[in-house]
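Written below as structure tokens is the structure these notes are about.
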Amino acid sequence: MAIRRGRGVAAINYPTGMNLGGDPTQALVHSTPTGNFMVTLSSVDLGQGLKQIMAQICAETIGVPTDRVIIDTADTDTGPHCMGTFASRGTHRAGNAVIQAAKEARQVMLEVAAEELEVNASDLETDGEGNILVKGAPQKSISIFDVALSAHFKRGRSISGRGMFLIPRSYPEKETGAMKPSTCYAHACTVAEVEVDNETGEVTVLMVKNIFEIGRALNPKMVEQQLVGGSWMGISHALYETTEPYYPNRDHGGTDFNQYLMPGPGDLAQTEIIVLERPSADGPYGAKGPGEMCANPQIPAVANAVFDAIGVRIDTLPITPERILRALKAQAAN
Amino acid sequence: MALALQTFATVSDANAALKAAGTRYLGGGTLVVRAANEGDISVTGLVRSTDPTLSGITVSGGKVRIGASVTMAAIARHPELGAIAKAARAVGGPAIRNMATVGGNLFAPAPYGDFAVALLALDASVGTNDGEMPIETFLAGRDGNPAIVTSVSFTLPKADSFRFLKVSRVKPKGVSVLSIAAVPEQAGDGTVSSARIALGCMADRPMRACAAEKALIGQKLDPDGIAAALATAGEGTSPITDPIASAWYRTEVLPVHLGRLLLT
Amino acid sequence: MAKVPIQFTLNGSEKAEFVEGGTTLLHALRDKTGDTSPKGGCHQGTCGACSVIIDGELRLSCLTLAETCSGTDIQTTSGLAEAGVLHPLQRAFLDAFATQCGFCTPGMIMAAKVLLDHTPNPSREDVVEALSGNICRCTGYEPIIQAVLTAARANSQNAA
Amino acid sequence: MELRKNYFADQRKDGLHEIGQPRPRLDSPGHVTGKTAYFADRNFPGMLHLKMVRSPHHHARIRSIDTSEAEKHPGVVKILTAKDVPHNVYTILILIQIGPEDETVLADGKVRWKGEAVVAVLAETERAAQEAAAKVKVDYEVLPAVFDMEEALKPGAPLVNEYHGQNYYLYDSGECRKVRFGDVEAGFAEADHILEQSYQSSPIEHAPTETTGCVVMPEGNDRFTCYTNTQAMFFTLDNASIILQMPGSKLHFVGGTVGGGFGGKVDVIVEPIAILGAKLTGRPVSFIYSREEEMQISSPRAAEKVVIKDGVMKDGRIVARKVTGYTDAGAYSRHSPYGAQKGAAHYPGPYTIPNVWIDTYCVYTNRTPSSAMRGFGVTIGDFALEVQMDKLARLIGMDPLEFRFINAYRDGDMKAHRQPTEGAALIECMQEASRAANWPVAEKYMAMSSYKKGA
């Protein structure tokens, strides 16, 4: 038996949002009588944590702690239109809509506070902890709780806002393909180290080091969740997954989690994640969409590492032990 | 029609009920309840038995009897079955092992049935109310065998002479690319005096690697000594092709894994 | 067809239900008792999302017929928190950000609980083995493994 | 995970109150206590279960369908065939004007892939629905099928989908989406080396732990509430409105808490037929994919073939790149024309190449229709591009990482689709990778920046 070791690198970029744009998302924000903020959406949380991120974005924009924000999604009787959760668009599109709605609500909130404090709204700021202060004179302040009560019961103001984000649709020019596919791109570079058993074709991914540039890590722990899980999926795509193991032959497609192969908890590569943040010009607080691209660079990095280990190329996914063994035998025959 | 479950105090009553068309025996449920869930409407009734002969493990004088309802988990944790525990642990994840029974494993089609591979290498006999039969006879006729399996019996192998390997793509749990159980007995000089080798996934049910067994006799378990056995390991096999691996791949890696197992 | 009466203890409270023949425990729990914490991810025994603890053992409720559970003691994830106080495992899953979509979480927690009940100081290998029947498609497993190891450490510190 | 704040610090405002903070997730307590409500956690009295009778053939004409025995089966409440669906031929991207309508909700006269929905059975129990489904008799005339994209594109191949008239999607640009930039042949002519390679993938399943499904409740006022795990609420509602010829005001969709999607829940498959069942029976209806359906019936990521031809100089510059991409849509479009087009926008990858030629094809075959998945249109392309980059580097005897620095795009560089590069960060990712992985590159590469040259 010989275990061969190799390493490979890959670098990629990925567009944020629906290709060619034209994918709107709306948000509504309003305050309750006691100064909590309701964000109404029809956006879908697939598990990536869209609700939490929308809450943090709204909270930052209004100037309250995140636990003062409630996310109401996704009910088409109440939530305004969202194109959907796909194409790494949720944070970017819905986030921008929430910012716009929250800004409008914040403006009303500051106007009411200004009336209560008898100053100009432009002289006010929030402390992020639930209070509105006069700039330069923080002893003069009012709580957002009291501002909301005043707006509702005294001044008859609706602390609310509407948000809509739309990147106008681009139409590719027929002959040249000139088009505007996306407004911002995330980036990644992955280095993978593998061991290949040259008698069985089995590959063990020892380590992946993933560098991701994602615009802005709005919640670093949630970014980590997604990037770690994505990295696992990338390795899974590289070495394990397909519904048609004998493509283009349709036979022997897996119908359960025993037959549909993915790395188990005993197959995990040592995974390192490093995040860079180059804020995007039109992202909510600079964020781009990391959800899809984080599963891409591992695939070619692993493929290149396998070549580095055994000197034969597998240009067909997934890179199964069988494909490796066949390639090694062909190499030996030549 | 709903699936009716009938419970009987004795195996013979359960055997009688099992004669009704569409009726299947319910062991741990990992095969038959799954089939019903997946829309196998040929299953119209289920039968089980609480007969005490089906449960319990007895070890005496080097002989082991395991009731057919005994689970993989119970075998894996039994203090006197340490020698074969790894074969029981090779089946499924923890929840499956708490449910899957010895009796059921005998019926599990490839790529399942890893414990049956071990039983084949152990030269077990399979008990029904009609008596005992060699496991090879049982496996050959299992598709048409309506009698409830009540037990399996075998001689406990000498410490360290039982070797077992399950190769799977997914770790630590995953179904078999192939599984191998081997019981090589060695004479004082280290040469093999007898050997039984059983293979999983190399046919639609567990099978013996008879040619390899023969080739080991009189040989030492070193690279030269096992070479002839490895060369003949694939004789008589007709491996399955499934989503896990092709027959070609299974054939290619069988000698590799057998070699590694024999040299451990 | 006549329905079959079943009685069992669910998270400490007595339950008595009538089920149709062939009803799985998963359906009985979800549709009859209203405990929707066990999830139906495959109904094949291959994903672990339906895992529950029956008489102290981890079982797949999708492959267990409800009729066979009369007289048993069943625990599910929805019954784990006591008086609103999260179980150390639940706390650890939160702190480790070990949930994303959450669909596998109740089953993972059941598998982990049985492990810690029997093996209070598990190795990483023990945890990996204990979770090996449960599929997660979001996290890549590592945060879940870390959560279980953290909960075990918290438990042993409390016990000390 | 480590955040490397030293990069791009001049462009970033740190120190915000909520943004950048690792706040606990507000949904996690529900997850760990099993209280989070997914669509299938709603159980209504009298709910019917829907099971599909599916095609056992890859391609066949339907001579007749006989549901008479199935209708008599105990527990069966309603059986639906094509004639029951008000607007049976549809395509989901019609909402953004990408046609033609090319897929049937329930097969009408023909099936084009093994597993295609033919007859829907609604019954009191899952078991009764399964038993009745087995009694539906469909008489098929099996037709020749095509599974290989190259075979499908050859003259005389079996026609997969008559609504297209040929086995590829017809874009306004012709049989493929095109990008033309510079003069690719001139680039090849000047190149020191040419390398043409072909890459292939097979379909991949999203495999979320929660399968696709919905539960529909008639509200008694001609409105229907659909609890669903769709990834796109109004997209699904509006498509259901078209298929059912029912005003959108009659439809109420509730969702937003999904057990994993990864792109697998953006097709509109389960909701319209379940709503129709609820409408015609007046009963709640549950239509939830089995795991087997999720694995083999729900749309996978397409199989793709990518052919890349590159011209490269000894000094490491790529001077010409020609990419031909093929996306195996299966029998119907779903989102594939969009995905293939997204590929055209993505190539030639994050590199600045003066001469580029891209053709991306959306090809029809007799397999399970493919659709969106995490990295749609890009994931397999990146595999091909980045393996090709590795081969090119080795071809000219250069370190693979250094080779990428030479070609990496930077701010202001013109892309093949004629947008100037903005916000690039590839170089910095590679610099950090060089450090983190102890993969040294020449100092000149570590001194590079993505920022606009001279700025």
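So that you can tell them apart, the chains are marked A, B, C and D in the order they are listed, and the count of residues begins at 1 in each.
Simple rule for what comes next: a residue touches a chain if its C-beta (ideal position, glycine included) is under 8 Å from a C-beta of that chain, and two chains touch if they have at least 3 such contacts.
These figures come from a predicted structure and were not determined experimentally.
Asks: Considering B-C alongside A-D, which chain pair is linked by more C-beta pairs in contact?
Replies: If we tally the C-beta pairs in contact for A-D and B-C, the bigger total goes to A-D.
Asks: Chain with the smallest distance from its CA centroid to the overall CA centroid?
Replies: Answer by centroid distance: D.
Asks: Could you put a whole-Å number on the gap between the CA centroids of subunit A and subunit D?
Replies: Inter-chain centre distance comes to 17 Å.
Asks: Go ahead and note the Å separation of the Cα centroids belonging to subunit B and subunit C.
Replies: Centre-to-centre distance between subunit B and subunit C: 29 Å.
Asks: Using the average of all C-alpha atoms in each chain as its centre, how far is it in Å between subunit A and subunit B?
Replies: One centre to the other, that is 47 Å.
Asks: What whole-number Å value describes the gap between the mean CA coordinates of subunit B and subunit D?
Replies: 42
Asks: Listing for subunit C: what residues touch at least two other chains?
Replies: Subunit C, residues with two or more chain partners: 20, 22, 42-44, 46-47, 97, 100-103, 128-129, 131-132, 135, 137-138.
Asks: Where in subunit D do residues touch two or more other chains at once?
Replies: Where subunit D meets two or more other chains at a single residue, that happens at 25, 27, 125, 127, 207, 258-260, 262, 290-292.
Asks: Which parts of subunit A, given as residue numbers and ranges, touch two or more other chains?
Replies: In subunit A, 46-47, 49, 221-222, 224, 228, 230, 233, 245, 253-254, 256-260, 262, 264-266 touch at least two other chains.
Asks: Mind pulling up the subunit A residues that touch subunit C in the complex?
Replies: Touch list, subunit A to subunit C: 46-49, 221-222, 224-226, 228-233, 256-258, 262, 264-266, 268, 271.
Asks: In their complex, what parts of subunit D are in touch with subunit A?
Replies: For subunit D paired with subunit A, touching residues are 1-5, 7-8, 11-13, 16-23, 25-27, 58, 96, 114, 147-149, 172-174, 177-181, 197-205, 207, 230-235, 237, 251-263, 265-266, 291-292, 295-296, 300, 303, 338, 341-342, 344-346, 349-350, 358, 365, 367-368, 372, 374-380, 382-387, 389-391, 400-401, 404, 408-409, 416-419, 422-426, 428-430, 432-433, 436-437, 439, 450.
Asks: What does subunit B use to touch subunit C in their complex?
Replies: Listed in rising order, the residues are 1-5, 26, 28-30, 33-34, 36-38, 46, 48, 73, 92-96, 98-99, 172-173.
Asks: How about subunit D: which of its residues touch subunit C in the complex?
Replies: 24-25, 27-38, 40-41, 43, 125, 127, 206-211, 258-260, 262, 288, 290-291
Asks: Of all residues in subunit A, which touch subunit B in the complex?
Replies: Touching subunit B from subunit A are residues 1, 199-201, 240, 245-246, 252-254, 258-267, 321-322, 325.
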